[in-house]
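You will see two complexes here that share chain A, one where it goes with chain B and one where it goes with chain C.
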Partner chain A sequence: MASPGNIPQNEKSKSFDIVETYHQLLKEDPDLTMPVAAIEALIELLVQSRAVTVYETLDLVKTQSDYLKSRIPNSISLSAGTDLFQRYMISSLKPSSTGNFDTMRQHLLSNGRLFVSRAKAGREKIATYGRHFVRDGSVVLTHGGSRVVGALLGKAAEASKSGGNVRFKVIYVMNDARSSESKAVVSTLRAKGVPVATISEGAVGYAMGKVNLVIVGAEGVVENGGIISRLGTYQIALLAKAAGKPFYVAAESHKFVRLYPLGQYDLGIDQEVIVFKTDKEDLSSEEKKFAERTPEIEEKKEYFAPGMDMPKPNTAVDAVDFTPPALVSALITEEGVLTPSAVSEELISVWW
Partner chain B sequence: MPSSDPPTAESAPPQAPSPAQGKGNTAKQPKGKEPAAPTDGPKLSGAELKKRAKEEKAARRAEALLAKGAAVPVVPLTPGQQPKAEGQKGAKGQRQHQRGGSTSVELRNLPVRGAQKVVPGPIATEPKKEDKTVEFFRHLYKTRTTSIAGASKDVHPAVLALGLQMSNYTICGSCARLVATLQAFKRVIESYTTPPQNSLSRHLTSHVLSPQIEYLSSCRPLSISMGNAIRWLKLEVSKVDVSVPDAEAKKGLCDAIDVFIRERVTFADQVIARSAADKIKNGDVIMTYAKSSIVQRALVTAHEEGKKFRVIIVDSRPLHEGKHLAAALVKIGMDVKYCLINGLSHNIQDVTKVLLGAHAMMSNGRLFSRIGTALVAMEANEADKPVIVLCETIKFTERVALDSIVHNEIAPSDELVIPGGPLENWGDIKKLQLCNPMYDVTPADYIQMIVTESGNVPPTSVPVLHRLGNESQG
Partner chain C sequence: MPSLQAGYAPNLGIFLKSLKTAPLESSIENLISLLKRRQIRNSRPCAIATAHLLLQVVAKFRWTDIGNLLERIQEVGQRLVEAQPREMVVGNIVRRVLGMIRDEAKEDRTEDASDSTSTSQLGSPRRERSESGSFRTEGGATSSSPLRFVSTDASTLSEASGDDVFGGRSQPTSRPPLLTSHTSYAVLNGVPVQQSMFNLLSATPTPSSTPPHTSSPHGKSTISASSLAQRIVITTRDLKAEVISGIEEIIDELDQVDDQIAAYAQEHIHSNEVILIHSSSLSVQKFLLKAAEKRRFTVIVAESYPNDHEATHAAVTGKVSPDVEGDEMSTETFLKPLSAAGITVILMTDATIFAIMSRVNKVILATHAVIANGGLIAAAGARIIAKAAKVHRTPVIVVSGVYKLSPEYPFEFESLIEYGDPGNIIGYGEGALVDHLEVDNPVYDYVPPDLVDLYITNLGAHAPSYLYRIVADHYKPEDINFHKPELQF
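Coming up: the complex of A and B.
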C-alpha cells in the first residue's frame, strides 16, 4: 500500500490534502452528501494531479480514496462515492476509447462535474416521487436530519398550500445528542405549516398506533437492500414492522454501496456504543472485548506517519445501525421506487 | 389413499426377470463373478458380489429376452460380454486419469455407501410382496444402472467408467461430477471422427453425445450443474463452422471445455473460498452441515490466514459425510466440534455464522442441498444467526422449487438400515416403507447471503446472476 507521499505532483500542489478538501467541501455546502463530497474531492485531486498515464491516474485515485476512507471514522457512505467514481473512471478510460490522454482527462473532469450536479438534482426528483406516498390526512413518523426526507416533506407541504389538498401531520423523534439539528428540522417543517409533534426515542412504540407511514433517510444502501442509517433507525423499523406500518427509505442511488453486512456488528467500522463500566474503573481491554463481541478492525498503520493520530471510533452521537431489507417496504430513489431486492440488481448491472 | 397393493401389478414389469433368474442361472454365477471383482475394489463382501453377479445376469437375460421378443437378429451373449471386459480395463485406467484431472482432489475421502449395490431394492428383492415405494415420492424411484452390462455400444469406455463411479458415489458432489463429466466428454470428442457426408456440428451431439448422456443419467440422475454444462457444450458444438477441418474443430472444443472448467469451477472456487474466508472473523463460531468441498476450502483458507475461530460440524445418517470434513479440519489443527443433527438446537446457541454448501440454487432463491440442510437453516434463522450459502454460478438454475418432492433423488432405502438393527428385515414387515431422499429445499427467507464468484448477493438475485452467467457464456 502506498503512503500519501507518493502522489505524482509538482511542488505547488504538494499542499493538496484530500481529507482537508473533503471536509472543506462538506462545510461549504450544507446540502452536499458525503458520497458526492468524496467525488468532488477526487475531481479536485485530478485537476491538481500531473499524472500522465491512465494507470498512474487510476492508481492515484485508488490510493487517495483508500487514504480518505482510512481517515474518516465512518467511511461507509463515503466509499459509495469513491467506488462509483473509480468504476466510472475505469469504464471511461478504456484504452479502446478514442483520443489521447489529455482529451480523455478533460472529458472525465467535465463528466465528473456533471455527475455532481445531477446528484444534487436527484434530491428534487426523489421528493417528486416520494410526495405521493404522503396522502391526505396521514401521519408521518420520521427522525434524523436527512436532507432528502426534508425535501420530500417540504414538497408535500407545498402541494397542500397550492390547493393540492394534502394535509398531513408529522411525528418527529427527537435526538437528545443532536438536539440542535432536531430543532432545526422541526422548525423548518412548522414554518411550512405542517403540524409537528415531537416525541422522545422511548415513545416511538407508544406513538406507532397513530402513525400511517414511516419515512427515513439513509447514509448508505447496502447490497441486499438494507440500509445503514443514524442509530435508532433499526428499532423504529422493527416497531413499524410489528405494527404493520410501511417503512420507506428516501435515498439517492449514489448511496448504493458495495457492502454486505450480516448484522449490526459486521459493518466494518468501530463504534463505541456499548461500553461497560463499573464504579471503580474501566474494564480491562480483554473484558471489554469479550463483552462487546464486536470484531476488531485491523489498524491501517501504513497511512499514518508517526505523530498522526488514528481517527476516533464513532461514539453514540454519530453512530449508525443496520436495518435489514426484510423491514424495508420500499426505497424511494431518483430512479424510481425500488424494492429492497432491486438494489442488488442495480448494483450488479453497474459492477458486472 | 387406499392400500398400496393394487399398484404392484403396474410397477411389475422391471421385476419380471428376477424370479426367473433365481432358478435357472445359479450354475453360471461364478463366471460372472470373477471379472467383476477387480473393478470395484476390495470393499465388497462375498455376499455382495454374489448379489451383484445375480443382477448382472438378470439384466443380461432381460436384454436377451427383449431382443428375442422384438425379433431383432439375436444379440448373442458372448459378443455382448466382449465390450464389457474392454470397458472394465478402460475403467481402471480411466479412474486414475480423472482423479488427477479433477480439480478437487481433497474430495476423495468419500463416504462409502455400504448397501448401494442393491438395486433400489425392494422391487427387486420383494417381487411378490407389496410395493415398498413411498406414495408421494413414487415418481422419483428409478432403477439405477450399477453395471456396464446392457449399456449401448456407442458409450465410450471413459463414460462407462465414469457412470459406474457416479453410481457408487466414488465421484460424488455436484462440482466433482461436473468436472469428471466434462473430462470424459473431452475423451469422447478426441476419439470422434466425423463420418463422411456428415458435419461435426450436426452429427456429434445427436449421435455421439446423446447416448453418453443417456447412459450417465441412467447411472445417477444428472446434477443441475451437469445439465447446465451439457447445455453449454451442445451449444458450443452447434456453433462449430461446417468448413472447419475435423482436427481443428475437435481441438477447439477441447480447449473450450478446459477454459470452461477453469473459469466456472476452478477459478470460481478460489474466488468463493477467498471471499467467504473474508467473512470469517476472529472469535467466530462457524456451523456447517455435512460436507461441502467449497465450505472446507473457505474454512481452510481462513485458518491459514491465522484467524482464530471454532467450527461446529452437524452431521446425520446415513452418509455421515461430516466425519470426513471433521477429520480433515482436525488434521490441520482446527478447533472442531462434531455433533449429529439431533444435537442441533443445543449447539446453535454459540454459533455466529452458518456456512452451507449447495447442490443447486433455484430461481426463486431457494437452496437445493443435502437432506437436512433446511433443518439447519431453519434452526439458525430461529436463533437469529446469519446463514451463508457458498455456490458457484454454474449451479444456478432457471427452475423453481416449491417443495422437495417434485424434484429430488431417491437413494436406495437400504442405506437407512443398520445391519443387525431392528429394521434389518424391514422388507418383510407389512405396510412399512422406508424413504431415503437425497436433497431438500431451503426457503429463501432463511438465507442471508449467497457467496458466488461474481460477488455476494441476496437470494433474490439468483435469476439475475443466472441470466448474466449464461449471456457471457453464449
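Coming up: the complex of A and C.
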C-alpha cells in the first residue's frame, strides 16, 4: 500500500503509471480536456488497484493525484479534475448520504465513458448558450485553441446557415509559437463560411475598435472568478476593458479550480517566460537566482528519486497567465451564464 | 375564441374585475390584447395582472398530474410573453409560479415517499419536456407501469370536465405522475445525487448528456399501481389548494413590496442629504416618504420630459393629472406628495443633471426591469444620471422589487429598449417640422451593472454582482427559457 509521501512505485503499480495513462488519454482523444483526462486516469487507477477499504482507496487516489500533479509542468487545469474526483468520492461516502463504497466505486468504474461523453455534451451546451452572444453583424475576437470556443463559433455559424441569419466575422489572434494550432482553428472556421481575419498579437489594441465582443476559453477558472488561460489572454482582456468591449469566457464548470491567485506570479507553477540574459554567460549564482526566471515555488521534492527528471518549467509556448475577475464580463458555462462571483459559490458547494 | 362579453377593458382594474366572471380563454385573450395595446403597462400592473390570470388558470384547469399543469401554465405564459416581450415582469411572474408548483410537487412527493417504501425514480422535468413525445410512447408500451392508471384517469377526468376551456388541447398523455425538481432528491442505485459541479460524475443521468433511452423514467416501484393512482387523485386536490395559495402569496408580495423596500429607507438616507431622483416611481416615492418620517433632507427631482414629466410633477405636488385614472390612481393619489412630507424638493430638467451632480450625495433610481447581469432597464435618462454619478463618485442606489428581477440574459441591450410616441417630443400639429425630421422617443435606458453601487430590494441590500444569486433563489433553471422552446435543453 502506498503511503503519502512515498513515490508510488511499488510492485503493484509498476505496471500502471498514472502520468503515462494521462498523456495517453490526451493523445488518443484530442477533444478531451485536461480535467476530464485526469478523472479518466484516476478511474483507470481504480480499475488497476486492489484497494478494498475506503481509506486505502481514498489514500491511493490522493497520492496518485499529487504524483500526477507534480509531474505535469502546469497542473492547474488537471487539478480541477483530480479535486473534483476526490470530493465526489468523499461526499458520496458521507454518513448523511445513502451511498455506500461499493456502489460508488462500481458506478465510477463502469461509467468512465459516460463522464467523457457528458463533458463533451457540456461543451455542446455551452455552445448553445453562447451562440446567442454572437449577434448578426458582430465581430468576435478570439485567440488560442479552445475547443469550447471553437464549438461555440461553429454553432453560431450553423445558425446562420440554417436561416438564423447570423452573419458574424472573427478576428483571430495568431500565436507564432503555436502556428499549427492557430492555422487549424482558422481553417475550420473558414470552412464553415465564417470570414476570419488573422492578426498578430501586437495588433490586438489596433483591432479592438472593430470588435464587438471577445470570447476566449480557459484552462482553469479560479475561485474569485478570474481565469487561467493561454499567455496573452490577460492583455486582450485589459485591452477589451479599456475599449469597453465585453469579454466572455467559455469554460465547462469542471474547470473550476480551488486556487486563489493574487497575481500573475502566484499561480503555483513554474514558467520560464521572463528570462534575463546578458552577453556574458557567467552570472554569479546569486544574480542567477534573482534574474533567471519568474518567481518559483518549492518543488514537491519528495516525489522525485535522485535519478528522476524534474518536469520542465513552462516555456513561452505553453505558458499561461491569469486574468482577474474584474476584466471578465461573464462566464459561459454549461450551468448557464454566470458572473465571476458565482464561481466561488459553486466551489463552496462542492468543498463544504 | 376571444369573446368580448367581458366588455372592453381599458385598464388593470377593469381587467381584474372581469377575471372573476369572464371565461378563462377570453380573459387570456383580453390580457394579451391589453398588453399589446399597452393599456396595461409598467411593471407592477403587468405583474399583478399576470399573477391574477394565472390564479384563474390554476383554479379553472382540471388536472391530474403536475406535468399537465406546468405545461398549461407554460403555454399561457408563452402567449403573454410574446404579446409584450419588453414587459419582462410577465415572464418573471410565470417563472415564479412554475417554480412554486415544482417546489410544491417536490414537497408533496417527499412526503409521499417517506410514508412508503417507494423508490420510484422519475425523469427530470427538463428532459420531460424536450422528449415528451418519446416518453408518451414509452409509457404506453410498458403495461406494468403505474402511469397507465394515471393516463386513463386523466383522460376520463378531462372528458368529464366542463368548466375547462383547455378542451381540444388536453392530451391523454401518460406522463410520470409527478415531476421533481432538476436535482432529484431520490437515490438511484444507491448513489446520491450531487450539486451542480458533480453533475459530471453523478449517477443520475443529466438531461443533455445521456442518450434518450438509457434509463426508463418509470424506475421500480414497490407499491401497487392502483394504490399509487389513487394516492395521486387525493394529493392532486391538496396540491391545487397549495398552488393557489402559493400564487396568492405572490400577489401579496406584489402588494407589499414597496413597503418592504421602504423599511430600509432610514438606513440609507441621512439628515441633510441631497438626493437625486428621476421620473416618478411609487417605490422611490414610498422610500423617500418613509425616510422623511424621521429625517429632513433635500430631493432633486429630474422630471424626465417628455414621457413621464406629468406623473413626476404629480408625485411632487400631489396634483393628479386627469389622464391618470382607474386602479393605478387609487394607491398613488392617496400617497402624500413629497413636498407635503416636509422634504425640500427641487424640480429640474434632465439636461441639468451633470451640473447639479456635484452637489448630490446620493442618486436613487427606480427601474423598469433588472437583469441577471446586474444591469437594469429604467426610464430614459437614467443612464445619463448613472454616468454623471460615476464621474462624480456619487453612489447610485436602485430600488426595485424582486419581482422585477429577470433571469433572462440580455444579449442585445438595444432590443430591450422600447421606442414610444414621438408625438410627445414634437406634436403632430407642427406638420411642417414633422415633415423634415425624424423624431425618436426611446422610453427606456439600459444602465450597465458597473454604474450601480447598490440594489435595495424587498429582501435587503445587494451588490449588483450578487443578483445572480437572487435569480437562482427565485427561478428554477428549467423555467428560465420556458417561452423559447428552442433554448431548452
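Just so it is clear, the second predicted complex is superposed on the first by the 310 of 352 C-alpha atoms of A that agree within 3 Å, B and C clash if a C-alpha of one lies under 4 Å from a C-alpha of the other, contacts with A are read in each partner's own complex, and residues count from 1 in each chain.
Everything below uses one rule, namely that contacts are C-beta pairs under 8 Å (C-beta built on N, C-alpha and C of every residue); 3 or more make two chains touch, one makes a residue touch a chain.
The shown structure was predicted, so the numbers you read here are calculated from the model rather than taken from an experiment.
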Exercise for review: Could you check whether chain B and chain C clash or fit when both are placed on chain A?
Suggested key: fit
Practice item. See if chain A has more residues touched by chain B or by chain C, and give me that chain. Key: C
**Study point:** chain B versus chain C as contact partner of A:Tyr260, first or second or both or neither
**Key:** first
Check your understanding: Between chain B (first) and chain C (second), which, if any, makes contact with A:Gly232: first, second, both or neither?
Key -> neither
Practice item. Please work out whether A:Gly130 is in contact with chain B alone, chain C alone, both, or neither, and reply first, second, both or neither. Key: neither
Check your understanding: If you stack the two complexes on chain A, which partner ends up touching A:Leu108: first (chain B), second (chain C), both, or neither?
Key -> second
Review point. When the two structures are overlaid on chain A, which partner does A:Gly144 contact: first (chain B), second (chain C), both, or neither?
Key: neither
Exercise for review: Look at A:Gly220 in the shared chain and tell me whether it touches chain B only, chain C only, both, or neither; answer first, second, both or neither.
Suggested key: neither
Check your understanding: In the superposed arrangement, which partner chain does A:Ala119 touch: chain B (first), chain C (second), both, or neither?
Key -> second
Practice item. Report for A:Ile39: first if it touches chain B alone, second if chain C alone, otherwise both or neither. Key: second
Review point. Touch check for A:Ser344: first (chain B), second (chain C), both, or neither?
Key: first
**Study point:** Smallest distance from any CA atom of chain C to any CA atom of chain B, in Å, after fitting
**Key:** 5
Exercise for review: Across the two complexes, find the residues of chain A that touch chain B and also touch chain C.
Suggested key: 341, 345
Review point. Okay, in this complex, where on chain B does chain A touch?
Key: 279, 281-283, 353, 386, 388, 445, 448-449, 454-458, 460-461, 464-465, 468
Check your understanding: Which residues of chain A touch chain C in their complex?
Key -> 36, 39, 84-85, 87-88, 91-92, 97-100, 103-104, 107-108, 111, 114-115, 117-119, 121-122, 124-125, 128, 132-133, 135, 253-254, 256, 329-330, 334-342, 345-347, 349-350
Exercise for review: State the interface residues of chain C toward chain A in the complex, per the touch definition above.
Suggested key: 187, 189-192, 194-201, 203, 206, 208-210, 372-374, 409, 411-412, 465-466, 468-469, 477, 480, 487, 489
Point to revise | Contacting residues of chain A [partner chain B, same complex] | key: 223-225, 260, 262-263, 293, 295-296, 325-326, 341, 344-345, 348, 351-352
